[in-house]
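Shown next, in structure tokens, is the structure this report addresses.
Here the chain labels run A, B, C, D and E in written order, and each chain numbers its own residues starting at 1.
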């Protein structure tokens, strides 16, 4: 497994680091629209949900061709247009013109390595956040979700379908749900709440890896573990890079100087804000735990060396005198009386045995031999 | 004991970490009420205390059935309703409707892994704090206590009975006590004061463990000690996670923009605030001490290695020349005059003895042998 | 000495840590007055100094009985009442009633482990600070001094007589001194200036210990030194815990929103404030130096190990080939021509000598042997 | 390669450090103009671009002599004067007089080791920033670019031509480009955007070196790698020293109290600001990764030592008893029955073989031999 | 050299640390004037420079006796009185009365270990700063310079002549210089600019020492180098202690609420302010470099140990089997057929040679022998 993990690191991970850095429109002229991301652009799929507070006021449409969108006129009070896949630049330009989006907004939607932020434009708010996930190799990854929040409409843009918001759609289809009654600003809250929930889920899995690593380290040491520590640090950095600005985003929404959110919804945003604060504290606490793991690793490594040094010392101390005695009675002096004793050899053997086991006992009593 | 502690770590502790992370209503639709906590929900028990400033104005009622609560009408000026156990969601909803509590408040009461906070709602303040304790294994644990503070009433919600506030109840029963005269806001102060006192108690016990660990480390090293260090760090993180926001909570109460506290009571809140600041400084100081412990551990470990290396070196230096001499006189050359000397053997033995004890003396004088 | 110091640590020091933590009125009902401190309460001794700006206006009285105080009426414009020893709770209550002190003030005076602070009450300021000292074992210790500052009176409360303020009393007795002219607010400045001077004195002694420790470490290593480092860190924490809030206290006094200090005196407070800032920087600098000491210790420890390893390696390299040669010529083959050479033995001895001294010379030239 | 890199460090790099420090006009009287920089002053080359919003309104002039500049009168609404090379102090003085630049501005333009900053002067803003690059040895280096921003003119000063802004010039030549329509303030944005893009490019290359270093360290250790770590840290410090103040500069421009930027352009500045924040987070994250690399390096180093210690121990344990046995049967006692056994020798050899391979097997099963 | 440096540390340096701490008027009554400093008080020397904006308006007087000063009446608009040496307390008192200086100002002038600060008094500003220098042993040292800035006069006080400001005096003597035209506030700027330049000079020298130390460490390790690291840290602390408050001082002067500086001069102060910020960043960067040096030192130390351990292991592995073989053929069994082979001895010798050189080759190929 160690092998696989190392491969994962040396191929996938650095690529993502670079992608993160490359994620500027470096080199392109300002105003030129192009998808910039770590993945290939997926084909675009648009879903429009129109809804009113009353039970029957609900229409859901899936656009497959550009023309369908051109003819659209809203039927009920609120509507939510969701786009998956950002490959169709033409469609985005169309939407941009229709909703009078600023060119920088379109650029930021396509440039999917944005830092979470909220920006006020005349008539709408522009919000980006990061949808955290663990990919198949257990690597912390994230996608961008962009929200354009108007007074009675909501546009969302995602890199590809993730299923995260399916429960919200289901809830919208239910005529009695709070979502139907509270309008688009509450819908924004519900989406952000889901985004934050994803952090909890990912953080929990990372926390489990930390616990497992701690168990592994205590079991037996392996240099891979230090790389795993490094890897976990990068994961927590990724979480941090998504979370810190997200907290700021939600804080700004909560103050809402531009009146896009009803007072009632602001209470709910305060709740999401509390969750981000709690998440941040958990990430910080986990960082401390990981640092501690490294300290334990190094002290256990040092402990291992100590044990081996002890073994070496014990063996040297026991065998050195025995070997010397054997050497002495192997000398060829003419006059060595002991050599001619009847039981000289056996006496010396017994002496060696006594000395050896005496030293062994001594070290055993001092717990140098276990 | 080391074994037991390790088991405690690998079973109880991680579970709590995960519980801390799981403590979001992740996956549930907003507005759906359910108890979320590390323990099983205990059966609900409600106690109502009505009191006035005058000596006789005191009634204490224990509700065991839902209906009793429905019919309740306050008799005297102030009342305090305390609930233990959060399993009875129906009762909570009833209370919610009766006191016009916001759905988010009910959610936060049930979701018992909240970060301490205070929130202003029309007509009442909502406060959560954490009651610290050490469980049977000496693990730092905490429970949530939620307070709803109105102008003449106080609702408190705990996960299970803890006995912490029994002294306050006793004091209320006493017609002459300050608590009776000062009303519900002073009662809130008294409760928070008890919450803070619990931190002092827990911190003292953690401090004692730190002192004991220091003694143990100086006595003799054991890899378990590094894990104990890690464990103590987690404990102090738990204290920190409860304390920092609690200080903020009390700071906000002290400013009290919403006029729930009398000027006189604010002086008392300032006093509690000072205590939280003192606690925070103590936790920080203890963290430093624990870091220092780790440094001592590592330097002693290194010291041990040094000592063993020295022993090894001394033995090598003493025995190498002796063994060489024995080897030389074990050579089989025809012409080795010393071999034929009458006392050659004894001279060489004496020489070896001299050399060995000379080297031994030398190292003893340089304190390499102790 | 090492032994004594360790005993000091394991008996005196932890006790003080716990005392610091215990220093809450935990368990006691609010409003119940009792002395809480690390030492036994000393008998109370009250000294009253009345003075005016004119030369003769000076009366000094020592109260020994409660009744004397009851009858007191101030003669001149200003007076300073100083109390040593906080055992006499009754006297304190009397003073409390006489000067209309808030119950929390009396509590804080008796609870002698307060964090330095200043609190504004109607008609007076309440200030606490810590008087630093080194006890007989060189342990950094501190006592509480509480000041109640009215518009023309000053009450001070100390745990026991320390002699720190004797010079100020002497100066007051002198009719021409500035203290007599400037009134009680300048007297407060003079007292705080003395408190700050004590920090300089203690810090200087701690700094001397740091310098000595550095010399000792460079001389020769001893595991006690790491404990001394830990000890010095605790000392600097103690200084820090006293200093940081004291700076804040003086900063607040300097702004003096409540008009207890004349403009002229505020200039002097600014001077004391500068001193606290200077002290804080010195403590921070000393912390860095101590951290550096630890690094030096660890690198010297590693250096020692290096030296021993080198010695071991040199001995192994020199003796291994010699022993092998001796072993070879100790073999019993029938046909070993060298054995029968006339000077074979001497040639081999010479060869061994050459090889051994050659290797020795080589290592000497590479400075592996010193 | 290691050799080359070390040379690079010991020659180029320190020089730049010193240059950074020398970069004050230390010793010169205030008001005395002289080029101060790490490179030799290049000959000055001035390019003037005049443009209006309409398609044909565009003139580009290259000045080669001082007189040409003296006679210049602007033809269209906006113009941009760019200077490469700061050796011609006279020309600078002329420009200074012409545009009424403050002497300190001229000084700062020539003193090319400025910290990025923006300063408001009557009639113009003065901005300095740093153009990052990697020199031929891969060393992070930077040049100064100074901008004087008036209401319809822009002066830029660079140490030497870099080609960074060529794309902008090309875009200006195109009559339909946004740059032509939006005027000089948008041009300033475009230049700053390019400056920020350079940081992305350099950071990406540094990030690649970090990834390569990580691979190298895991492959095999080399003391050069620790120097590379030190080197990377210095690189990131250089980036940080350029970035932190640049963020502040753009933040100030964005607020633009002095009305040099149109509202529309401020939106674009906000975008650049977001990029600097993202860059800063990436630099911080990379610093963490580099620290982690060092930890991995040290733990692998320790691991290596462990492995060698183990090998040493295994050899000592296997050979000590075998050598002892050989020594015993080399003793010369008269009465050693085993010596006279027919197969004594072979039995002992077999015994040695068994013991040796038994021990070998034991260590192999415990994974001490790999 | 190592020896000399160590002596320097153990004698000069600690003394200065203590001096720094002693630098309070601890023990002295407030208002009692006395020189407090690390050096002996030098004899006082006063120089008065009177000057006006016109070319001829310049008088320079050196006072040698107290009486001369008493009779002085200013001739032109501005004058600058500079004092070297603070031994003459009487003269200072005279100046104090003449310029109505507050007693605290005189105290601070004499107490030459002040933290840099600026204080507003009615009619004048009081500024202290530190003049950095390296003493003969290369130890970072500093002197105090105090400035009293009035609306048309400037008093400066230094511990002893340093020559730092000679260039400014020379410039003042020149009737055409900016200094003459701009008045005393610009003169203050010029002096502070020189003070800041000194920091650049000292920092450059410290930076050079850091670079040299890095080269030395890479060359070969020496425990003295860790002490040099500690020493460099103390030097940077000294710079920091002077710089941080100096930046604050200049920041306050720049805002200049009390109108002592003309708008024009404030631009120049902003320039000095930028320099202090740049210096602070350089000191911080240098601190990082020094920390990195320590890491390199420790990793190289560990590397050394690794190399020695490797050598030891290689020698053990090569010689153990050879010695065993020699031991085996030294056994005295009756029946050892190999002993009687014609070429047994030579075969065994060849075998040993092959085994030894084979192992040697193996380790050489694995780069364990270099």
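The definition used in the following text is that a residue touches a chain if its C-beta (ideal position, glycine included) is under 8 Å from a C-beta of that chain, and two chains touch if they have at least 3 such contacts.
Nothing here was measured: the structure is a model prediction, and the numbers come from that model.
Peer 1: Provide the labels of all chains in contact with subunit B and in contact with subunit D.
Peer 2: A
Peer 1: Following contacts chain by chain, what is the lowest number of steps it takes to reach subunit E starting at subunit C?
Peer 2: Steps on the shortest route: 1.
Peer 1: I want to confirm something about subunit D and subunit E. Since they are copies of the same sequence, is their interface symmetric in residue numbering (over half shared, so same) or not (under half, so different)?
Peer 2: Both copies touch with mostly different residues.
Peer 1: State the superposition rotation angle between the two copies subunit B and subunit E, fitting on C-alpha atoms only and giving a multiple of 5 degrees from 0 to 180.
Peer 2: Between subunit B and subunit E, the superposition angle is 145 degrees.
Peer 1: As a quick test, compute the distance in whole Å between the mean CA positions of subunit A and subunit E.
Peer 2: Roughly 44 Å, centre to centre.
Peer 1: Can you give the whole-Å distance between the Cα centres of subunit B and subunit C?
Peer 2: Averaging C-alpha atoms per chain gives centres 27 Å apart.
Peer 1: Where does subunit E touch two or more other chains at once, residue-wise?
Peer 2: In subunit E, the residues touching two or more other chains are 298, 302, 305, 309, 312, 316, 323, 327, 330-332, 336.
Peer 1: Connecting every touching chain pair, does the picture come out as line, ring, star, complete or other?
Peer 2: The chain contacts form a single closed ring, each chain touching exactly two others.
Peer 1: What is the order of the chains around the ring when you begin with subunit A and head toward subunit D?
Peer 2: A, D, E, C, B
Peer 1: Give the list of subunit A residues in touch with subunit B in this complex.
Peer 2: So the residues of subunit A in touch with subunit B come to 167, 171, 178, 190, 193, 196-197, 200-201, 203-204, 207-208, 211, 215, 218, 267-268, 270-271, 274-275, 277-278, 281-282, 285, 288-289, 292-293, 295-296, 298-300, 302-303, 305-306, 309-310, 312-313, 316-317, 320-321, 323-324, 327-328, 330-336.
Peer 1: Residues of subunit B touching subunit A in their complex?
Peer 2: Touch list, subunit B to subunit A: 6, 10, 14, 17-18, 20-24, 26-27, 29-31, 102, 104, 107-108, 114-115, 117, 119, 223, 226-227, 229-230, 233-234, 237, 241, 294, 297-298, 301-302, 304-305, 308-309, 311-312, 315-316, 319, 322-323, 326-327, 329-332, 336, 338-345, 348-349, 352.
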